[in-house]
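Next up: the structures, one after another.
Paired with subunit B in one complex and with subunit C in the other, subunit A is shared by the two complexes that follow.
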Partner chain A sequence: METRIERVLLQLIAPVVAIFFAALLAAAILHFTGADAGSVLGEVVAFGTTPASLVAVVNKATTFYLAGIAGAIGFRMLLFNIGIDGQYRLAVFFAAVVGASVSLPPVLHVTLIIVVAMAVGAGWAALAGYIKVTRGVSEVISTIMLNAVATGIIAYLLAPGRLAERAAGSNNIRTTPIPPSGWFPGFEVAGKEVFGFTLVAAALGIGFWILLNRTRFGFELRASGLSLRAAAVSGVNSKRMIFVTMVMSGAMAGLVGIPQLLGSSHQYGLDFPAGFGFTGLAIAILGRNHPLGVAFGALLWAWLERSSQILDLLGVSREIVTIMQATIVLSVVVAYEVVRRVNVRRQQKLVGRSEHVGIENGATA
Partner chain B sequence: MSAVTEPRTTRSVWGRWWVRVLLALLLLSAVADIANTPDLLSRGAVSASLRFAVPIVLAGLGGLWAERCGVINIGLEGMMIIGTWMGAWAGFQWSPWVGVLAAVAGGAVFGAFHALMTVSFGVDQAVSGIAINVAALGLGRFLSSIFFEGQPGGGISQSPHVGQIGNVSVPGLAEALDPIASLETPVISDIAEIVIGVTTGVSLLTILAAALVFLSWWVLFRTSFGLRLRACGENPAAADSLGVNPNRMRYAALTVSGALAGLGGAFLVTVASSIYREGQVAGRGFIGLATVIFGNWMPGRLTIGALLFGFTDALRTRQETTMTALLIVGAVVFAFLTVRAIRARNRGATFAYAIAAVGLGWWFLGFGVVPSEFVGFAPHLTTLLVLSLAHQRIRPPQGIGVPYRRSEAN
Partner chain C sequence: MPAPAIELRGITKRYPGVVANRDVNLRVESGTAHAVIGENGAGKSTLMNILYGMVVPDEGEILVEGTPIPMSSPADAIAAGIGMVHQHFKLADNLTVLENVILGDEPTGRAGRIDFEAARARIVELGDHYRIPIDPEALVADLSVGNRQRGEIITVLYRGARVLILDEPTSVLVPQEVDELLKNLRRLTGEGLTVIFISHKLDEVLTVADEITVMRNARTVAHTRPAEITSRELAQLMVGSELPTPEPRTVEVRSEVGLRLESVSTRGSGHETSLSDIDLTVRSGEIVGIAGVEGNGQSELIETILGLTSPVAGRVLLGTEDVTEAATSIRRRLGLSYIPQDRHREALLLDATLWENRMLGHQMHPPINRGVWIDRKAARADTEQIVADSDVRTPSIEVLASALSGGNQQKLIVGREMAGEPRVLIAAHPTRGVDVGAQAAIWTRLSAVRRAGVAVLLISADLEELIGISDRILVILRGRFVGEFDPAAIGPEDLGAAMTGADAA
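Up next, the complex of A and B:
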């Protein structure tokens, strides 16, 4: 009937088609703006595969991966955690503040920073989870609002004389740097440093897979995600599930800024990257909420962002990559849907044929 | 989630809208006196609030049209961005009015695209909206690099100068009311100030927006087309069984939704400023979504919500001291809500409202200053509070967010 390989292939068709379609669209846009699409794409690939680029891609992908997993945890429960952005910024800000204000032995220091980040992210998401289960407020709206509140709180606290200081010789306002005992050591590949936290992120991905597929909680989560009502009828406390999922998603979101904080910047400032919320959701969608798929999506996203840096030198605006990313997300979802419909039709045919055969066999016997 | 509407008993005088408006005026006027912030109800503050509120109203109407037909439009923000870009692009070459038309067309195209994705391709509504927001950001910059860079004043993040849409005033009214306004009699002078603010130097687009609020109400609630559209938002299968095609309706509703958001973008370019600038929309699309809920999916109340948001926005940009006056307003409003919650025997709400009232009052007496960063999220926080505390009165369309497929392989 249907082999495992066939099933995996069917799953892979969608992303491949989507990437191909997005590349085609980008080429078309390049062509219409008068650039030589072939040579531009060639340059981009050449730049994107240099060792320095690949290391930068892995580092960036680590951040994206954590955001993607945070999104995926919510999606598994049909929750849209649009608040990843706010949760992560608030978390990394307070983690930076706490990390700079204590002195602890190395391992303990890093652990404390990570715990603070997870706790803040989880707490901020818990607000949305709480009003969802008690008052039925859609998490889509509440997390959008909480993002704005988080922005205001950080803007207030990140000021000289409050929890931040002006960096010497620049316009940047930042928290006090974390002492080296609170740094997460990286490792060198091809002369460039890879964030050590990459390994933690990978471990978290494996943990997410085990949680989903090998625990009772994961089973209940997947069941609720498929049908909240059916799961509730078979004894799953859906309110508790929603709340716990939201908190877990927030805790993961709290970690999004940690690779950068512990690995390279060691402080939170105005120049700290933001806006990973939607990226995380997009990557989760791309990877179908599967840890491996999300890893693939994060790497692709990071690679596109990194290799697009060459575009400015070629006289092409690099925002074409943003358009490509949006195209990939939409076309991958459309492709998944088409594949699903084709698959349903194919199975109906298969079932029909086997029944037909069965009847014929019965008649001849 | 079935909200039962209670039968209306005879309304007390406190329920009348004009009584409430008068009470609100009295409160604001008294506060302006106590906190010594005459700017609170000045004509300048009023017309600034109006200017800040219009894009939010238009985004809110866009959200209303989509959600009444059962589709959440998170892409409003992106459609507004497209509106600002299109408005500037056509506006600087031809005229601001052509810009407005282009913005509406651009928004409508993206609205229809949202329909194509969610209705025809079965893409999740939030996913499609997010993708539109991401794409609009990239498109704005990318297209600017092609069309605006090299033009005088233009660049990758901003457009050349765009002309402004004209203003109109009711002739003679300001002069006639000025003596009353300068009397400094409480309430009456304030009303005069407000009337002057609302009738002097009003942009034609503001008038158009006001007309669209009324038109949306009329189309959605007084025509058979609107009834059918709303039916598709409540129960698409039932609508389908009665011969209304929900898919076609959703295409129509989302096209209108996008067009309204695009118009909101055009307002930002041709009235609120005279240029396209990156990041100009600044979350107004999301605020628009919030006003839909705030307004309980009704155009009139949605507009009041947008005006409140516009009011806080305007005060923030005008005078920081004025914000302290709002602390008293907040404290009084929450005290009133506390009393109401006690009467309704809602212990949780009583507790929350009382804390808010005491907290705001204490803040005013103790510090007397509101950091402008906090004012920035006041509308968002208010939305959260309203959502979580007054939720039993809120009734969203029942079919919202649920994809509808006509007996497809499923």
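Up next, the complex of A and C:
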């Protein structure tokens, strides 16, 4: 009835339309604030496509991608893991502490740090999963609260004399730096270093896809997300599935800070980037919880953040990018629905045309 | 001659891969009961949804009492005096009948407050007038299916409907309730209201309807009156060919036990009747029928066998294996299959494709399961097979389950649960909502799996079905088995009496 390529193309229309719409809106806002929209957008694109920018975008997108996949895992089962933010900060903090306190050969050292991060993220999310399946507490509420608790724990422990120290010659308070054996080597592109962890993130995305589509567990996860009751009747233990999904989402969230920690900071301090939780959820929605879609969303998001840096120089408020990001998420949701309807109408036309030959096995007996 | 209450002209509706209605014309005279019948997927529900404004047709017009009415939402239909009772009830469980009736159309008194008194009085008045008594204060969750349906009908009347549409109203009722409903429908038409109803049960169509319209392959193919036709002729009009005759029964029950419950009691959840001290044995090659008014413990019984509820006392065995504490997936792996009573809630992923639905409940069996992996190619091939064998009318196995008509969804589920050599099959209302041809086919297949040595537990509200294919019938009442009957020696009347406890057998 339709080819695979057509189906993929139709899927692509929605985000393209959304981006176009958001760009149009941004241009309109620029215009009304008295700026020359054309030249501003031109400068933004020029800056955003320099090699240095592109490398920065890929690095940033790696972080976003992990957050997006963490969100997508939960969404697939209709779980809203609002706690990605707390899970990843706690995870990267403890990973930094443990990483700095041991000395191991390179590969082992990095592995240990990653395992610690995943375990802490998973454990923190498991708390929310546990009280959901035993007490019925919504994960939305519990993860929001756990975010606050995580902030408190880090604030307490990240102090000189506890698990942190004052950086020499600055106001920053940070954990002891991890020795080079615990660094994840990057690779050079155009004289800039791309995080080596980007490749790991990509592999995790592929793994997520295989898990969802090719394994029994993935099928049961998707089934539970579509109908918890029907899945239970089919033999899925719903409570266990909720718990496991939450733990997996948390383990993935635990990795969000790792590209930065292993690739450039090598320590956790007050200046460590935070607040990727909601970004992750937005990117998951943008990418329809599909590993490839999420990759696309992460790159777009990162590109917008990076290219917006030039706006200050041009005397334009940077918030316009935030507006654009919000517009994209909103319009992509609308656009997906529109495309779906167009698709239905198109198929109906196809049926109309094939009516006289009869539908195989269908209405014309 | 007065204008007909409803006239549909040239209605066409296309869905992806199917034409659900093709140039359909329908005339319904005022004050009559008009039956719409036809095979599964013939387009009946679609046509009714169009008349009720839930589905907008691609072509055609709707005339109410001779005036064309643009129908783009149920609100338009309600304004034009048309009401609909859906096949899957729409009342909200956690509200009372009164609250449900006024929901979306609250009568406001002074200062915008809801005038419950006025609404309550009106419900009682409507109930008295049409003799459809209902307690406005009853919680919907506590009502029997028959009473829920009354609540739906009252809701529709309350909104001022002069034309009532009922989509398969009798398929969920037990015989006594069916009689009651049919009497009520007669009373409504006697009062000058117009009733349009869909049914797969031809004898009831012949007793209540004034006129009958037959649909086949998305068109109306005949228009007739009960006096002019027999139920056999009707069936042939619907199917367009001769009906298959059910095979004669050959009993060869084996001695191996397929399913056994020993002194099982359950706690009961909410308004569900709990089981008290139930013993049940279903042997391989045997169909045991469970008769009972809905809500007497059937759901608990099914949940206990599936492992969704664990009993407070007693043991559950599949074959020789004690599975009292085993998870559902383990029971499934041991060969437990289930045709659920509520297909939308328990049997389907409506937003997934047919071949993904084929895997549901069988993700642990070959050919679909290969260790931790699933074999999508095998699942697809298998689905093609089921679609062909069970005569599921669909353009492809890539469509979503929600796109199939109710009866075709049921055929897919039955095909799925019978595939892959089950050892024990729980069939709850297996022919609910399927047309006469498919019904006969499902009965034949149930007999065939029985012959192949499957232990079948049949739970049904259709007494003819129970008597027709069971080897033994047990009657369940308030969570206990109160009688065992030989289907060869009992008629629907006696069975009906035993079910309500009128007969202490």
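The definition used in the following text is that the second predicted complex is superposed on the first by the 340 of 365 C-alpha atoms of A that agree within 3 Å, B and C clash if a C-alpha of one lies under 4 Å from a C-alpha of the other, contacts with A are read in each partner's own complex, and residues count from 1 in each chain.
Simple rule for what comes next: a contact is a pair of C-beta atoms (placed from the backbone, for glycine too) under 8 Å apart; a residue touches a chain by one contact, two chains touch by 3 or more.
For clarity, every value in this text was computed on a predicted model and none was experimentally measured.
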Partner chain(s) touched by A:W209 [first = subunit B, second = subunit C, both, neither]: neither
First (subunit B), second (subunit C), both or neither touched by A:I141: first
Subunit B versus subunit C as contact partner of A:A232, first or second or both or neither: second
Intersection of the subunit A residues that touch subunit B with those that touch subunit C: 344, 348
Contact footprint of subunit A on subunit C as seen in their complex: 14-20, 22, 41, 58, 217-218, 240, 306, 308, 327-329, 331-333, 338, 340, 345-352, 356, 359-364, 369, 372-374, 376, 387-388, 393-396
Touch list for subunit A against partner subunit C, complex: 1, 213-217, 219-220, 222-223, 226-227, 229-237, 344, 347-348, 351-352, 355, 359-365
Complex contact set, residues of subunit A against subunit B: 29, 33, 80, 82, 131, 134-137, 140-142, 144-146, 148-149, 151-153, 155-156, 278, 281-282, 285, 317, 319-323, 325-327, 329-330, 333-334, 337-338, 341, 344-345, 348
Subunit A contact footprint on subunit B (complex, rising order): 1, 72, 74, 117, 121-124, 126-128, 130-135, 137-139, 141-142, 145-146, 156, 283, 286, 289-290, 293, 371, 373-374, 376-377, 380-381, 383-384, 387-389, 391, 408-410
